[in-house]
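Chain nomenclature is as follows: A, B, C, D, E and F, assigned in order of appearance, with residue numbering initiated at 1 for each chain independently.
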Amino acid sequence: MADTASGTFTLVITGAPYASQAPQTALGFARAVVDAGHRIDRVFLYGDGVHLASVLCAPPSDETDWPEEWSRFLSEHSIPGVACIASALRRGLVNQAEQKRYELPAANLRAPFEIAGLGEWVEGRMKSTRTLYFHAGD
Amino acid sequence: MADTASGTFTLVITGAPYASQAPQTALGFARAVVDAGHRIDRVFLYGDGVHLASVLCAPPSDETDWPEEWSRFLSEHSIPGVACIASALRRGLVNQAEQKRYELPAANLRAPFEIAGLGEWVEGRMKSTRTLYFHAGD
Amino acid sequence: MTAIHTLHILNKSPEHPRASRCLATVSPEDALLLTGNGVLLLSTQKKPVTHKVFVLSPDVDARGLGGMTGNAEAVGFAEMVSLSLQAQRVISW
Amino acid sequence: MTAIHTLHILNKSPEHPRASRCLATVSPEDALLLTGNGVLLLSTQKKPVTHKVFVLSPDVDARGLGGMTGNAEAVGFAEMVSLSLQAQRVISW
Amino acid sequence: MSTLIMIDQPPYGAWTGREALDMAFSLAAFDQPATLLFAGAGVNWLRPSQEAGGVGQKSVEKNLSAAPIFGIEAILADRAACITYGLNESSLLKGVTLVDADAALLKDFDHTAFAG
Amino acid sequence: MSTLIMIDQPPYGAWTGREALDMAFSLAAFDQPATLLFAGAGVNWLRPSQEAGGVGQKSVEKNLSAAPIFGIEAILADRAACITYGLNESSLLKGVTLVDADAALLKDFDHTAFAG
């Protein structure tokens, strides 16, 4: 049986905010991981999950701002947040480097999220005690 | 029976490109509508469909660029393309007016798409001979 | 040209709960047009109650189902447009 | 602490095809944690083969199912974290 | 020109249902007749005592209760789906009419739409 | 550390399957054992003669045929799902092994993942 005294986690979010509940459930889980004294190695956004890293979401003021909540949580706890580059480019999520490379009119990646390849997920899968996925759940 | 000699259409797209096939099927249909001499009153993007109006998508060069294909089609045939404002704001799709209003760092709406309310859909539903929906189809 | 009451356009795979809902509301005077993942119905044993079943050719070809259309009529987008005007109403499932 | 072979986390509604697949692969030595729309299983007649069924409280409350948990144990995120470490492996359906 | 807006996904897990409700409210705002039909897992919208604070969302119960005020003609729920999810007339939100969501019902409407 | 990547959505209608394939290829690229399992409607990935030009996509058949070259350990397909969709051993793409996608199979892997 795994040692439950301490563990490290990679969290993969594949559901988008305002389309699925995935970012909300993942945040509740992530906060509990930190509260219990465990470590989150990284949060990896994949597929539609990359929309969580958008800096341009403007939800109604009486709704939770999930991208804002997530970026604050990641910053506070110095947890790396990574959006998969292939998912992000197809879905219109770019940082300044990609904006330049593809000659796009703007960048919309929210700090502290970064863009990187699936290797980040592979590393998490190999090194973290547990890798959990938060999918859309129709 | 409806007059099949001529008709007008409102097309509603609710599935995102690179997540669903909806924009592709809708484009095939839209081209056939125009080819048959019918009119498209408007194309309305709703829910996840608003991502089709992103100017920041950079799909791999060997894949179809659906936002680009759609905006070219709309421009060529002077068909209004409208993204629902409520869907768009939640999902991080904004034009310069919304960028300013919400003090966002960038705008990412692709021309000729515009942002407007559900009233545009209601009008289409009332005035067009047919309103068809192109949903994601898991 | 046959009269069609409702044209049901189904783009969900046969496993999707909405596919069952769609098939349960198709009447004999309706037509069913399978698009997208909906064309996979061709490969299963599920049979709609209407005889007017159409399948969108590019979707059939993409999924390698060209040899399994059976009694369904393969159509292109031009016919999809005609069908949508010919029917009294259209439901996009 | 009971030994758990696999923790199955199911967030799909009972109609979703993946819900059936999940339930079909749960063994008696596994645990099932219902989250999101997965908690709707509580309101149906479908019964998993394991006795170790957990449900995520905030999701149960949102859906008004507080009175229908039956033999399932309501847990918070803290217990979800413990369960995920306690189990030998986790499958997020 | 009566329109049926069908909701077949449960609340909170996805935004589609909320967006379907917005469609119905928009029709009503433009004085167009609109009816809501809850089918499949969508009937779970109609269960009372939803407390959604823990999932960081607003309860959809309140939205729904505003439907008659905004001019929605009727709120229908598929009888068979209600049985599947352990709901009956007395355990549903007030103002909901049980129906059979079959071919005959759909033919009462000029237009039927989903939000996604 | 063997990983099972499960694909239960059909090709072309959604991108999830392609993204699942990318996950498997990435594992293989880092010399991590990866196996693909097609279940449910996902078995339709394995039908030969896919011509996807008409839907503006690349055929997934080519991607899949590259799997052994990239080091994917096995391509498995659920037997019952294949029957549902009219597929049998002789009508499947080459290199696919029929299995029962049950509890016992999943226990052969340290980790099982979906792309979405």
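Convention: contacts are C-beta pairs under 8 Å (C-beta built on N, C-alpha and C of every residue); 3 or more make two chains touch, one makes a residue touch a chain.
Quick caveat, the model's predicted, so the values are computed rather than measured.
Touch-path distance (fewest steps) from subunit B to subunit E is 1. Among the remaining chains, those touching subunit C as well as subunit F are B, D.
Where the sister copies subunit A and subunit B meet, the same residue numbers recur on both sides for over half of the interface positions.
Our note on geometry: subunit A versus subunit E, Cα centroid distance of 32 Å, whole angstroms. Between subunit C and subunit D the centroid-to-centroid distance comes to 36 Å (mean Cα coordinates, whole Å).
Between the CA-based centres of subunit D and subunit E the separation comes to 27 Å, rounded to the whole angstrom. Shown for subunit C are the residues that touch two or more other chains, namely 11, 13, 15-17, 36-37, 58-59, 92-93. Residue positions of subunit B touching 2 or more other chains: 18-19, 21, 25, 47-48, 63, 86, 90, 133, 135-138. Contacts with at least two other chains are made by residues 9, 12-16, 40-41, 55, 57, 111, 113-114 of subunit F.
Pairwise chain contacts in this structure: A-B, A-D, A-E, A-F, B-C, B-E, B-F, C-D, C-E, C-F, D-E, D-F.
The part of subunit B that touches subunit C in the complex is made up of residues 1-4, 7, 9, 21, 25, 28-29, 31-33, 35-36, 38, 129-130, 132-135, 137-138. Residues 11, 13-15, 36-37, 40, 43-44, 57-59, 61-66, 68 of subunit D touch subunit E in their complex. Residues of subunit D touching subunit F in their complex: 5-6, 17-18, 21, 24-27, 30, 89, 91-93. By the touch criterion stated above, subunit D contacts subunit A in their complex at residues 1, 3, 9, 11-13, 16, 35-38, 56, 58-59, 76-78, 80-82, 84-88, 90, 92-93. Interface residues of subunit E, counted against subunit D in their complex, comprise 9-14, 40-41, 44, 47-55, 57, 59, 84-87.
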